[in-house]
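Each of the two complexes below includes subunit A, the first together with subunit B, the second together with subunit C.
Let's look at the complex of A and B:
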C-alpha cells in the first residue's frame, strides 16, 4: 500500500521518479515475499496438520502472513527510502515543501485498508464456521458442529456413526484428567483419541479457570468452574501431542502439563476396553458423569491418589526430555 | 477568560484580603512527603486494628495477620492518612472553618527542591513529579522483567521458586500496565497541555496533584505484596484464583483500585482543561496532535477506569465480606470479572497507545520540516481508535466459552480498529514524503516507534482472527505482540518525548551522542528480545510459566541475553539523564529544535505562570515550509485585543 502514495498529484519529475521506483520495488519485493511466505514458510507454520482444526489454523496463519507481507514490506521500504533519499542536506536549514494532505491518496488508503479488513473478517468468519469453530471453546451451547454429527448417545459409541465421541476434560490445580462417558465414564490421566473420528471435548474445571491447550491438535478451550465449554476437532494423523494449561491458574501452572495420543480406531477401542477394566474400582468412587461438578462433593483426594496425581501438580515433566518441537 | 487571570485566593468564600498570604513556615513544619509518611503509618496501624476488631467477629481467621479485613482497611486508612499528612484536605478544612485558603501562587513560589515533595498546585511541578515517578515505576518493573528472564534461562526452575516467580511476573505486569497507565498523560500531558493550548493553569489543579500523589501510595502498596506472599494471578487478577489467593492479592486489588481513581482524576482534569482553557484563536483545527491524543486518552480514562475500580471493589468484598460476585458455587460468575476487567483492559491498551501517536505526530513535522500530512485524518484516527476500543474487549475471551455468536462480531470490530490505526501510518508516511529529515535523537525514537508499532499491529491482526487466535491465545505470541505495541510503541515515544521536551522542561539539553547510542542499543536489543518470542509462542510456550520445553531453551536463552542488553541500554539512559540534569547541565536555547509549537515560544524552563499575557493563537502549529504562514501566536497582544480576537477567531469554549 505504501507505494500507492505517489500515484496522484505529481508535477515534479523528482517526485515521479521516487514514486515510480517505490512502486516497482514494492511490487517486486512483495511478490517474492508473498511467494516465500506462502510456499516456504506456510507448511511449517504451527500448529501443523494433526487434526482438522490444526490444519485450518495453519491455513489461516499462512493466509494472514501472506496478506501481511506486502504491508510490512511496503511500510519498511517506504521508511527506508525516506531515510536514504529524503534527508536534510548538510547546511540546508530550509523547510521542505508544505504538503497539507492529499484527498485522493487518503481516500485510496482508507478504501484499501477497509477492503483488506473486511475481507479478513469475512475470511475469518468462514474459517470459524467451516471447521466447526476452529477448535476454540464454544461454551455450553455450541453453534458450529462437525458435519454429520446429529445424535450423541452417552452410553455407547461406534466409529463412523453420526454419534460423536465425547471426551470430558477436567482441569484442577494442577492436572488434567479425562473422562469417557460413552465407555462407562472412567477417568484417566492420558488423553487417547481415535484417528479420523470427530471428537467433542467437554471442558470444565473443579476450582479456578484453566485453559485446555492441545497444541498440535489446534484445540484451546478455557476450563471454567461450574461451566461446560465445548470444542470440536477431528484428529487426522496418529501420533502423540502435548497438552498445556494456557491460563494462569496458580503456582504450579507451569507444570500443568500432559500428553495425549491419537491411535488407530481399533487400537483406541482396545485401549478403552482394557482401561475400563483396569480402572473399574476407581470408576465406582467417581461421581456420576455430569457436564459440571461441584468440587465440594467429590472425594478428590481418593481419586487423585488412585490416578497417581500428587498435590504438587502431578509429575512436572522432565526438563531434559525435549518433548516439544 | 476571567478564570485564567483570576487569583485562586479571590475565590475564597471566607473572604480575607487576597494580598496577604499566610507566612511560609519551615519546610519540616509544613505538610510534605515526610508528614504524609507519618500519616500513612498511623493510618495503617489504625486501619489494621479496626479490621481485626470487625473481622475477627465476623470471619474465621487463623491469625490477625491473615485477616483480609485488617489488611484492606489498613491500606485504605494508609491512603487517607497519607493524604491528610500531605495537606490535601488543608484547603477544604480552611474553607469549612471560614478561613482564607492559600493561593496557587503562594504554593508555586516555594523555591528549590522542596516544592517537588509537596502537594502543589502548579501543573509544571506535578508534571515533573510524574516524570520522576513514572521513571522509578518503569525501572522497577524493568528490574522485575530482568528477574523473569533470568529464571527463564533454564527450562526448569533454578533461580526462583515457582511461587516467587509468579510473584515477580505479577508484579512486573501490574507495575507496567497499572502504574504506567498515565506514563505520558501524567508527565507530558500535565506539563505540556496548558502550554500548548495557551493557558496559565489546568482546570482542576487539586485533582491533578491528587492524581499524582495517589501513585506513590499505590506503588508502595503494590510492592508490599511481596511482604504478604505476592499474588499468583498476573496483572489480570482473574477470579476465582484471585479470591482463592493469599493476602498479597489485597495489595493488588487496593493498589489497582487506587490507580483507577488516580487515572480517572488525571483524565478528567485533562479533558476539562483542553475543552475549557484554550487561548483565543486556539480552534479545534489548530490544536496540536499531542493535545488531541491527550483529549482522547482522557476520555478513555474517565470512561473505562470506573469499571476497573468496580471490579477491584468486588474482588475486595469477595475476599473480605464474603460476597460472591465471582464464586461459581455461590451463584457468581468468573465471566463477570473477565468482562469487567477487559472492558477496562482493552481501552487501557489504547490509553497506552494513543499518547504515543500524539508524541510522534508532534515530532514528525518538526524533524521533517513539513506540515503534518492529513491533520484531520490523524485526529479522526485517534477518535476512531478511542471509540472502537470500547467494542473489542471480548477478543480476550475468544477461547473462554463465551457466547460463540459474538465471535464474528468481535473479530470484525477488532479488525476494524486497524483502519484508524492505519491513519497514523498514512499521516507519518505522507509527512515523510520528500521531506528534509533531521535524524536527531527524538526523530530516531519516532521512527523506531513506527517500525515497532507496525510489527505489533500486524501481529494483532493474527490475534483478532479467531482460528489463528486459538493457537496464539495465551502463548508468548500474545506477550510479544503487546510488548511490541506498548514497549516498542509507547515507551519509544516516551523516550523520544523526553529527549525532545527536556530542553523545554528543565532548560537543559541531554547529551545527543549518548542519546543516539541509547536509541540504537535499545532498538536492536528490543527487537532481538521480542521478535523471537513470536516464534516461541507459536512453538507452544504458554505465558507465565517458569518451566518450558527443553527444545525451546536456545530461543529463550537468546531472548534472555537480549533482555539483559536491553537493561544495559536503559542504564545508558539513566546515566545520560542523571549526568545531563545534575552534573553537566548544558543550557538549552529557548527553541533548540526550531519548532513552531506554542510551548516553544516561551522561555525554557517556562515562567511560573506560563504566559505573561494570554496569547492569541494566529495559525496552526505545523505550518513548516509555508512562507505565508503567520507566527503561531501573538504572545503580547495589545490590551483589549483578546475580547476582539474571541469574536473574530470564532473560538469557542474559552469562556469556561
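Let's look at the complex of A and C:
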C-alpha cells in the first residue's frame, strides 16, 4: 500500500518515510477495523441466525466484510494521504514516474488479486456444500442434502428421525400456500415449522415465476410453473420469520408477503393435527399431492364440460392458446 | 448554433422529457377508481357493504371484461369501482350479488371460506324466477360442480370467500349482458345470479388492505391473470380501514 514512486518534488527519503507510515497506519487501522466488523457488526448482519442457512449466510457476510475491510481502509488511507501530502506544489509541472512495464508491480497485483478471488471461490463452494445449499433453491435434483436425512416416507413424519419434513410451497398470483404431504396433504396459507428439525421445501408455481424468500430464515428459491425447486434449512430458534416474493410477478407482487412461525416440536405436531381436521373437507377436493401441478390437466366436471370449460381458468390456460408463451 | 442557444435547447429538451415522464407517472398513479366510503353509514358497530360481479363491463371501454361493482351507499346505485372504505373495529356485513357464470379455480384451496365470522358464507340462488332457500356453506368444489364464479379475498386479513355461481347450465347461459345488472330492465331483473352474504370484523387500527379474485378470470390473457385480474377497478381493489 506504500507509494511506489516519489510524488513531484519529493525525495527518495520522503518516499520511504511515506511508505513506512502508510504501512503502519494501514496495519493498525485494519486490525481495529477487522475486529470491529467481525465482533461488533457481524452478529447484527442480516439475515440473522434463526436457521442453519440464515446463520451460515450471516457467517459468510461477516467473513467477506472482514476480508474487505483492509482493502477499503487501504484505498481510503492512500486516497487521503495523497490528498494531504502529495498535492502539486505551485510552479511544479512535472509528472510522477510512469509505472507501465513495472514487472514487480504487475506480478504482485495479479498474484494478490488472483489469490483472493480463487480463495473466495473455494470458500464459496465450501459454504454452499457444507450447509446443504445454504438455503438456496437447488433445482429438482439437489446436489447438496442435509447430512443424515432421507426421504424415506412422503406420507408420515416423526421428529428426530432421518425422514426429512416435506413442505411444499405453492406460488400463485398473489399469495403463497403451503402443503404438508406427510400430514394428509392439507394445504393452508400458514407456514409453520418445528424447531431443530431439518426441512425440505419443494417450491413450485401455478402461474408465473415467483420467488419464495423466507428472508429471516435464509431460504430463497424461485417458484417456476411445472418445476420443483428444492431448498433445505433447519430452524434453530422459535419465533416468526418474514416471507416475501422476490420475483416481479404482477401488479400485487409488492403485497405478496407474510410471516411464518417456527414452533416447538410439540406445538407443531398439535398444529398439524388440528389443521388436518379443520381442512379435511378441503383436502378431499385437492388434487393428489405432486411435486408440480399442471393447470391444463385439471379434470373438469360434467357441468364444466357442458359449458365448454375444459380446464382451470375456463380454458384460458390452453397450451394451444396463441397468447401462451 | 451559439453556445447559449445550444444550452437553452438542451435545458428545454430535458425539461420536456421530465414533464412527459411525470405526466405519465401521475396519470397512471392518479387514475385510481373512486372510493365508496361506507364509514359514515356505520351504525351500532356494524356496516353493510354490497358488491356485485358482472360477466361484462359494458359501462367501460372494456365491455368484455368481468368486473366487480360496489353499491354507492349514498345513492344506492352500483358504481364501477373496487375501492371502498369502512371503519376500524367494526363488523362488516357483506352482500355479493354474483351475476357471472362459473369458472374453475386454478387452486381448489380458494374454494374454502376463511376469515369470516363463523367460517361460513350464506348462499341463495335466483334462477330467473324464484330464489332458493339460503344455505350456509364452507367449502366449494369448483372442479366437480362448477360452483364458483369468483372469490373475494383479502389475503392480509386471511379472508377468502368463494362467490357461488348460478347452478345449472341453463342459468349460466342466460347471464346478465349489461352492467351493472340491477339497472331495472326486464332482462336484467330476470338474470340468474347468486346472493352471497358473510361478515367479518375490521382490524382495530387503520390501514389499507388489497383484495382480489383468485379465479383466473381474465379471459384471453396469459394464464387468465391479465386484463381484469391485473387492473384496479375490475377484479381487484382496496379496502381502506379508517379510524
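Note that the second predicted complex is superposed on the first by the 275 of 325 C-alpha atoms of A that agree within 3 Å, B and C clash if a C-alpha of one lies under 4 Å from a C-alpha of the other, contacts with A are read in each partner's own complex, and residues count from 1 in each chain.
By definition in this document, a contact is a pair of C-beta atoms (placed from the backbone, for glycine too) under 8 Å apart; a residue touches a chain by one contact, two chains touch by 3 or more.
From a predicted model like this one, the values you see are computed outputs, not experimental measurements.
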Report task. In the overlay, answer first, second, both or neither for which of subunit B and subunit C A:282 touches. Result -> second
Report task. Go through the superposed model and pick first if A:189 touches only subunit B, second if only subunit C, both, or neither. Result -> second
Query raised in the report: Once the shared chain is lined up, is A:206 touching subunit B (first), subunit C (second), both, or neither of them?
Result: second
Query - First (subunit B), second (subunit C), both or neither touched by A:105 - result: first
Report task. Specify the partner with more touching residues on subunit A, choosing between subunit B and subunit C. Result -> B
Query raised in the report: Looking at the overlay, what does A:138 touch: subunit B (first), subunit C (second), both, or neither?
Result: first
Report task. Applying the touch criterion given at the start, work out whether A:154 contacts subunit B, subunit C, both or neither, answering first, second, both or neither. Result -> neither
Query raised in the report: First (subunit B), second (subunit C), both or neither: which does A:32 touch?
Result: neither
Query - Partner chain(s) touched by A:174 [first = subunit B, second = subunit C, both, neither] - result: second
Requested in this report: Could you say whether A:46 touches subunit B, subunit C, both of them, or neither, answering first, second, both or neither?
Outcome: first
Requested in this report: Go through subunit A and flag every residue that touches subunit B in one model and subunit C in the other.
Outcome: 207-208, 250-252, 255, 295, 316-317, 323-325
Report summary line: In the complex, the residues of subunit B that touch subunit A are 154-157, 162-163, 165-166, 232-234, 236, 238, 240-241, 244, 328-329, 334-335, 368-377, 398-405, 407-408, 411-412, 415-416, 418-419, 422-423, 425-426, 429-430, 432-439, 447, 450-451, 454-455, 458, 461-462, 464-471, 473-475, 538-540, 542-552, 623-626, 629
Report task. Spell out the residues on subunit A that touch subunit B in their complex, using ranges where they run on. Result -> 2, 5-6, 14-15, 18, 45-47, 53, 56-57, 60-61, 64, 68, 71-72, 75-76, 78-79, 82-83, 86-89, 92, 94-102, 105-106, 109-110, 113-114, 117, 120-121, 124-125, 127-128, 131, 133-144, 203, 207-209, 211, 213, 215, 218-222, 224-230, 242, 244-255, 257, 294-296, 316-317, 319-325
Requested in this report: Show which residues of subunit C lie in contact with subunit A when the two form their complex.
Outcome: 101-109, 111-112, 114, 138-139, 141, 143-146, 153, 155-156, 158, 168-169, 172-173, 210, 212, 214-225, 229-232, 236
Report summary line: Within the complex, subunit C is touched by subunit A residues 170, 172-175, 177, 187-189, 206-208, 250-252, 255, 258, 279, 281-282, 285-287, 295, 298-301, 303-304, 306-307, 309, 311-314, 316-317, 323-325
